[in-house]
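Pasting the structures in now, so scroll down.
Below are two complexes that have chain A in common, paired first with chain B and then with chain C.
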Partner chain A sequence: MHPEELLRKQAETAPDPGAAEALAPHDLSRLGRRSRRVDGHRKSTGSEIYTDDIVLPGMLHGKILRSPHPHARIVAIDTSDAEAIPGVQSVITGRDMPLAYGIIPWTRDEHALAFDKVRFVGDAVAAVAAVDEDTANEALTRIRVEYEILPPLFEPEEALEASGNPIHEAKKEGRNGNITKHVHLEFGDVDEAMAGSDVTVEGEYYFHGTTHTPIEPHCAVARRNVNGLLEVWSSTQVPHYLQRELARVLDLDVAEVRVVQPAVGGAFGGKSEPFDLEFAVALLAMRTGRPVKILYTREELFYSHRGRHPMDMSYRVGATADGRIRAVDGKLLLDGGAYASFGLVTAYYSGQLLMAPYDVETYRFDATRVYTNKPPCGPKRGHGSVQPRFGFEVSLDKLAEKLGIDPIELRRRNFMGLGRTVNEFRVQSNGFMECLDKVEHASDWKNRYGRLPRGHGLGVAGSCYISGTNYPIYPNDMPQASAQVQIERSGRVTVLHGASEIGQGSDSTMAYIACEELGVPVEYVRVVSADTDLTPVDLGAYSSRETLMVGNAVMMACRELGTKVRASVATATGVGAEQVRLANGWALAGGERMPIARAFMLAEAEHGTLGAVGHYNTPKEGVHGDYRGGTIGASPAYSFTAHVAEVEVDEHTGFVNVRKIWVAHDCGRALNPMLVEGQMEGSAYMGFAEAVMEHQRVKRGTPEGGLHDAPSLLDYRIPTSLDCPEFIPLIVEANDPEGPYGAKEAGEGPLHPSLPAIANAIFDAVGVRIDRLPFTPDRVWRALQAARADAAPESESG
Partner chain B sequence: MNVLRPGSVREALGMLADEPTAIPLAGGTDLLVHWPANHAGRDATYLDLGRPGELRAHHWTDKALVLGGTTTYWDVIRDPRSARDLPLLVDAARQVGSVQIQARGTWAGNIANGSPAADGVPVLMAYDAVVVVQSERGVEEILLSEFYLGYKDMRLAGDQLIREIRVPLAARTGQRFEKVGSRRAQAIAKVGLATSHSEDGWRVVAASLAPTVRRCPSVEALFDSDGAAGSVEDVEAALAADVSPIDDIRSTAEYRLRVAARLLFFGNA
Partner chain C sequence: MKPGPFEYVRPASVEEAIAALEDGGYDAKPLAGGQSLIPAMNFRLAQPAVLVDLEDLDELRGIRAREDGGLIIGAMTLHRELERSTLVAERAPLVAEVMPWIAHPQIRNRGTVGGSLAHADPAAELPSVMQVLDAVLHVRGPDGGRTIPVDEFYLGLFTTALEPGELLTAIEIPPLPAGATCAFEEVSRRHGDFALAGVAVVVETGADGAVARARMSLLSVGDGPVLAERTMASLVGRALSAESIRDAAAITAEDLDPPSDIHASAAFRRHLAGVLTHRALDRLRA
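Up next, the complex of A and B:
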């Protein structure tokens, strides 16, 4: 097609921008609009390609043999019978991949397949590739493993005691191998401030453990192509780290490993490190010379876990008579399960992320993460900080009660504003006060809190979360995020970036940014993401980092191109470059306009091929404290949230009916409010479910000790749409100078106040504090019974 | 797995007479739940009841609703007369799994599966349903409330097929179905209760509170004696004599008994 024909056609279909001069700048912006997702149509019609949709010629199916024992030494493995089955192509064991791996370079304690010991029921022991799944399953039954049973440790308190059979060998003489990490940090003199406080409250809190339950189970496909390149498609949220660990464990040149992340059907932190199946498909593909696929069963998903740590927490909070927080003293015991995963970071986060949005005079926390013979815990949406937030925000409610101060007012009095937290994180934007105002107003708090009929109650809680972390998982000075943008002369813009689209909308967000900067309609943008061969490095979808970090990288690349395009349009039309705008498929120059493709052609003719790269690196100076561990949890920008929950407690059944949740979240600039609200809704519902329904736990005793008690979607209770409360999203935009257009995170922060807001609402409803999660009917009913029993003698004597 | 595919009830009964260990299969919804782990089940023989059309239809007489051996929950939900004349059947059917399960699952399958947590059985029992079983030896009619002998143990021999279920129509002055699950859909009952009242007196049926779904004679007697029990404690004591709940992953014995008693008292007082 001749260029002029193409332009005529585009001009016919492009939306009429009207007279450019008549439009205010915000009318031309596509940010802040409720826009459809770039992958929305594919996902809603079922045409999206997930890893399990990939079928390659000659592909084999793999299965993994898992330990039936929670703790045992592997004495011998005999795979000969399995290998003899017709259709079985390869059987591998831990001896084939002896190098330990782990997402955190300082705590590499896992093997792709168990090397000498198994540490939880479900630990991978061997893997098989066969012509079909039935044959592979049959082969698993023929692998003979001789175990020497070791006593299992299920209770974190027991793990604190050094034993003769530690779950992991201690790294240093005299240490307890059952401890992953101990962190003790103090800011100011807590004892002195506590002693000087007018009032103190204390409590013991327990978070019970929950898992992610994405719709899509983990899946990986590998093949080694004729050039020797190892290609792995995986349902992961960290392609870059996976590529590096595959190369390390398989002893390959990292340049010979390609990781591609197809569409992911939910992850929530449960796919943010390498897993046994990824190593297994890779080695099986290398051994057999054929592609190999492994898809976890739902049961395997419950065992691979990496979900939220159970935590025993105690908090003591001291305050002045007018409610100003003087001292916070926390002690936490984290039940880590069998491996470290992100546990070193979890231990830090459990203390470090608590100290905003409040101005706290002194703070101390002591966190210990221990190993137990259970499925390993790891990061789940709101990594490390959801549990302490529960304990702390309930403590604040108790403080408000004790002082006779309205709980929202108490939080206002302690608002930190901008500046430094007590643990020295730099906060440059903070919309928490507006969040409180919004939920207070929307819930009619002033007229309803403390005044609803018995059985009905309102509760409030606040929180803060990070928009990515300042330091990457492995130390380096290179950018954390990068992007490459190409303009094709048809008007098409291709954005190549490393961010992992896991349902949160990162591909869409990057497309909106390209539209904003280059003036193309969203249909003209192609997003290519998370393919280590094609896209520049990004570290992955964790810590709520994608919008801020990759968004900045895409913005940088697009701005370089936009400058060139505007300059060329200016030259052609004779106006100043500053008067040229690119928007809605048009280049607008003074009173003139041209289809955006013509502007691109002008620029390509003048500057040559149009392409640019962009990157983002985090600020390192003056953004955190100099103390050991001071960098962990420090973020370029912080989001803030406030919830009000309304509950109805049935005193006959103990059933807590969460009727409504108001969520106000400060995400900085909301690039697409619909996506932000989706993240707020998903977070609030996940938190709601963790508060009243979900529980990841294993059985105790012999012989079933270590078995998951409900590894199915029937009995592991996630809510259905009928169970979910009414949800009211309230977006607050306190723009941050570090974020693209001021944007911060929205994917994890809004979860945090869910649990304490519901706990505090239960207290308002029935006057009973339940400091142990989850608030299941029998637990609530027992608490009500106990409260009644406590109250009865007094009423009799009084 | 070995599958027999009879074309008629007569053929099916012949096959069962020859091979009484064959497992009749209708919607398959209970079979599939355990299929991945059910290694022994792969070698079993199944009798597919999908072809005999005469088993599927349900019909109304002037005295009863007659459900066929493969009538589904959805068949009953879809029939407008059900909600009018036997509303608990619709209430219970709506609680079974999901819509997909309701479309495949059958009433007879729910009876033959023998789960103590069944959703369909309690309401049938509260309506005095009669199970009609057939074999080459003849036809037998058994009151559903007398059908179960123990956990997964019932008066159904290997050569017998549930031919139909007869649900009597009666003037009922009260009827109720309550299911307490872990969530509002796609859940298995922690407590299930079906009650009805007619000139024959009260029927109180409990699910998930004993090894089988069962009637609660002490509670029925209490309700019959003065129309309504005097206090919730009376109901709890009577119920405790009728059932034997256990602790399991879904709930505790104490919670089940306590909640069931409250539902009975406050729902029927």
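Up next, the complex of A and C:
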């Protein structure tokens, strides 16, 4: 189309410029509105391309042989029979990739395929590439592995005390190799403050372990092209880290590796580190010279796991008679499973992320993470802090009960406001009070809490979460997020950024930021993301960092371009550049207007080809304490949440019916309220599911020890839409100076209070505290039975 | 999640189906709605060598009224057809009542009544319902036809009295006696899940107000439908009362020996069976 023709067409179809003018009193023209996802239509019509949709010419199918033993030494592996099967192209074992890897550079304790030992049922031992899946599966049955069985450790307490045959060798002599991380931090004199408290409450809490269950299983495809470039398509949420680890383990130059992340069908933290299949497809592709694909079965997903750690937690909270928290003392034992994964971070997060939104005088936590012979635990949405938040917020409920103070009022009295937490995290925005106000009002708390008929109850809980973490996983001073934006004379804007779209909507958020800054309709924005050959570096979709960090980078690049475009429009129309606005497909200059593509042409003529880069790096000064570990968990900005849950408990069957959850969340500026509400509902749903139903566990004893209890979606039960409470999202906007337009996170924070709010609501309903998750009918019934052990036999008619 | 290799046969008549089943012996399986068999094959829990698809056998479909007020239901009749049938609602209200408890609408749109009964899953609702309704199963095999009362049909876990080559063709439900009332109660973890426990009950009350006959069968608490014989006996001869219901619930729980699994302990299942017995009978009393 000729440019003039194009401009005429745009002028005809663009919205009325008056609509943009009408928005002028506000500082935003496009953001802040409910906007459709840019990938929504593709996903809802099934036309989106996921990794398993990729089929390359000559592609082979790979399968991975997994250990049937929870703990054993590999004595010998004989692959000759498997290799002899017609159609089998390559068989590889741990000896082919001897270098250990791990997402945290200080705790590299995994091998792509087990090297000398297997440490859980499901540990990868060998991999096969064959002409089809059936042949590959057949080959797995012909690989002979000789194991020397070792005694397994399933209970974290056993692992703590075990002597001899540790799951991993200790790094230092005399230490217990089963301890992967121990963190002990104390802020102020806790013992003194506790002794000086008017009242203390204590409890033992247990979180049981859950996994992510994304709809899309992990999948990876690799090929090595004739120029030596290794290309890997993977359903990952960390393309950059994957690129680095692939290069390291396969002894390639990082520049020789390209990682592409196609559309991902859910991740929730379960795809945030390299997995065996990614190394296996890469090496098999290099060995065979043909593309190779591996798609996990659903069963493999349950074994690869990296889900939420089971935790034994004890909390002691001291307070004044009017309910002000003086001291918090927490001791935590984390069941890490077979490998370190993100465990070093998990151990820190389990204590570090607990302090806000409350003003706590003194705090101590002691967290120990141990290895056990079970699928490895790792980060799951709300990493490290969901379990402690459960224990702590139930503790606060007990404190309120003991003091006769309304639980919402108790939380208000301890509100920290702005400033620093006791562990020295800097909080520059804090909408927690408004969150409490909103859930209190919406749930009619004042009239209903403590006054509902027996069996019905309300419970409240609060929380805080990070919007990205200040420090990258490998130490460096380079930007943590970056973007490149190009303007094309047709009016098209291309945003290239590294953020991983995993369903949370990062591609949409970046597109609408470009719309906001450059005045184009969203149909004119192309987003290219998460391709290490095409897009600048981003660290990945974890710790709720994309909106804040990549959003800032995109905003920065767009602003540079916007300044050029406005200057050119100003020159052409004879008004000052500050009077030029770019909005909704138009450049508005004083009384004049022109289609945005015309403005882009003017700018391109004046400045040459239009492109700019942007980046974001977190502030390093004044945002955390200087103590060892003080940086871990520190964030540029913090989100805040409060929930009220309403439950109905069937005292005869123990069924807990969660009827409603009011979710108030301070996400800073809500750039797209529809996506924010989706994250709030999805988070609260996941917390609800973990509270009442989900349970990741393995069998004990022989011969089944270490086998997953329920490695299918038939038996690992997650609530369907029919089983959900009504979620009522209530957005609170306390803008943060670090966030783009003031935005903070929304994808993880709103999960946390679900669990303690439900626990506290159960107490309101039936007067029984259940401090161990999950609240299954069996457990609730037993707790009720214990509570009325002396009462008359059950009667239905009563 | 793909089945192993199998041979697929699609007969045009019941005779052909029976011949194909007889040929295949224990390695042949009839395919009705496929709502249990196909997932089991995909998990490789079932690996039949021959699949005999009954899809074309229209003679096995449909709901017919019996002159005496009962029903004859073709084995290939869909759950959804029973759910929507006014005839079923009138003559076998317990069958209509139980339908929403069976899985999800998508599954009821494909699943068949005969498939469910012959599959003999201990968590299935229909075996218990048919048992308390005194249903009789019509079976045809290489040597001709026979009828089997539900009480004699279930032999154990996923095991029935059907011989290789035999096909369940129809279910005959006698009319509900005058003065009979019925109820169904179940608890499952999620909507559409297999029951943790369930109970179907029919109570016939005499002119004197006392229970003349009672039928009660439980699901998900044993190898198949569990007839609560002692509970049934305890109800007869007394009017339903708070006391008789309490006794019945206690006897039911006492007599059961349910399995423990990852979803519920034996003790909890026993408890639930008592609670459900209580609830079902309470409804009949009201």
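By definition in this document, the second predicted complex is superposed on the first by the 780 of 798 C-alpha atoms of A that agree within 3 Å, B and C clash if a C-alpha of one lies under 4 Å from a C-alpha of the other, contacts with A are read in each partner's own complex, and residues count from 1 in each chain.
The rule is short, and it goes like this: a contact is a pair of C-beta atoms (placed from the backbone, for glycine too) under 8 Å apart; a residue touches a chain by one contact, two chains touch by 3 or more.
Predicted model, so just to flag it, every value in this text is computed and none were measured.
Residue contacts after overlaying the shared chain place A:652 against chain B and chain C alike.
Within the superposed three-chain model, A:297 lies in touch with chain B and with chain C [touch as defined at top].
Applying the stated contact rule after C-alpha superposition, one finds that A:169 touches neither chain B nor chain C.
In the superposed pair of complexes, A:723 makes contact with chain B and with chain C alike.
Comparing chain B with chain C, the partner in contact with more residues of chain A is C.
Legend: residue contacts after superposition of the two complexes on their common chain; A:715 is shown touching both chain B and chain C.
In the superposed model, A:578 makes contact with neither chain B nor chain C.
Contacts of A:477 after superposition: neither chain B nor chain C is touched. Applying the stated touch rule to the two superposed structures, the overlap between the chain B and chain C interfaces on chain A comprises residues 297, 652-654, 693, 709-710, 714-715, 717, 719-720, 722-723, 777-778, 781. Taken in their complex, chain A has these residues touching chain B: 297, 299, 652-654, 693, 709-710, 714-715, 717, 719-720, 722-723, 777-778, 781.
Per the touch definition, chain B reaches chain A in the complex via residues 33, 36, 180, 182-188, 249-252, 254-255, 258-259, 262-263, 266. Those residues of chain C that touch chain A in the complex are listed here as 1, 39, 43, 187, 189-193, 196, 242, 245-246, 249, 262-265, 268, 271-272, 275, 278-279, 282.
Of all the residues in chain A, the ones that touch chain C in their complex are 297-298, 652-655, 693, 709-710, 712, 714-715, 717, 719-720, 722-723, 777-778, 781-782, 795-797.
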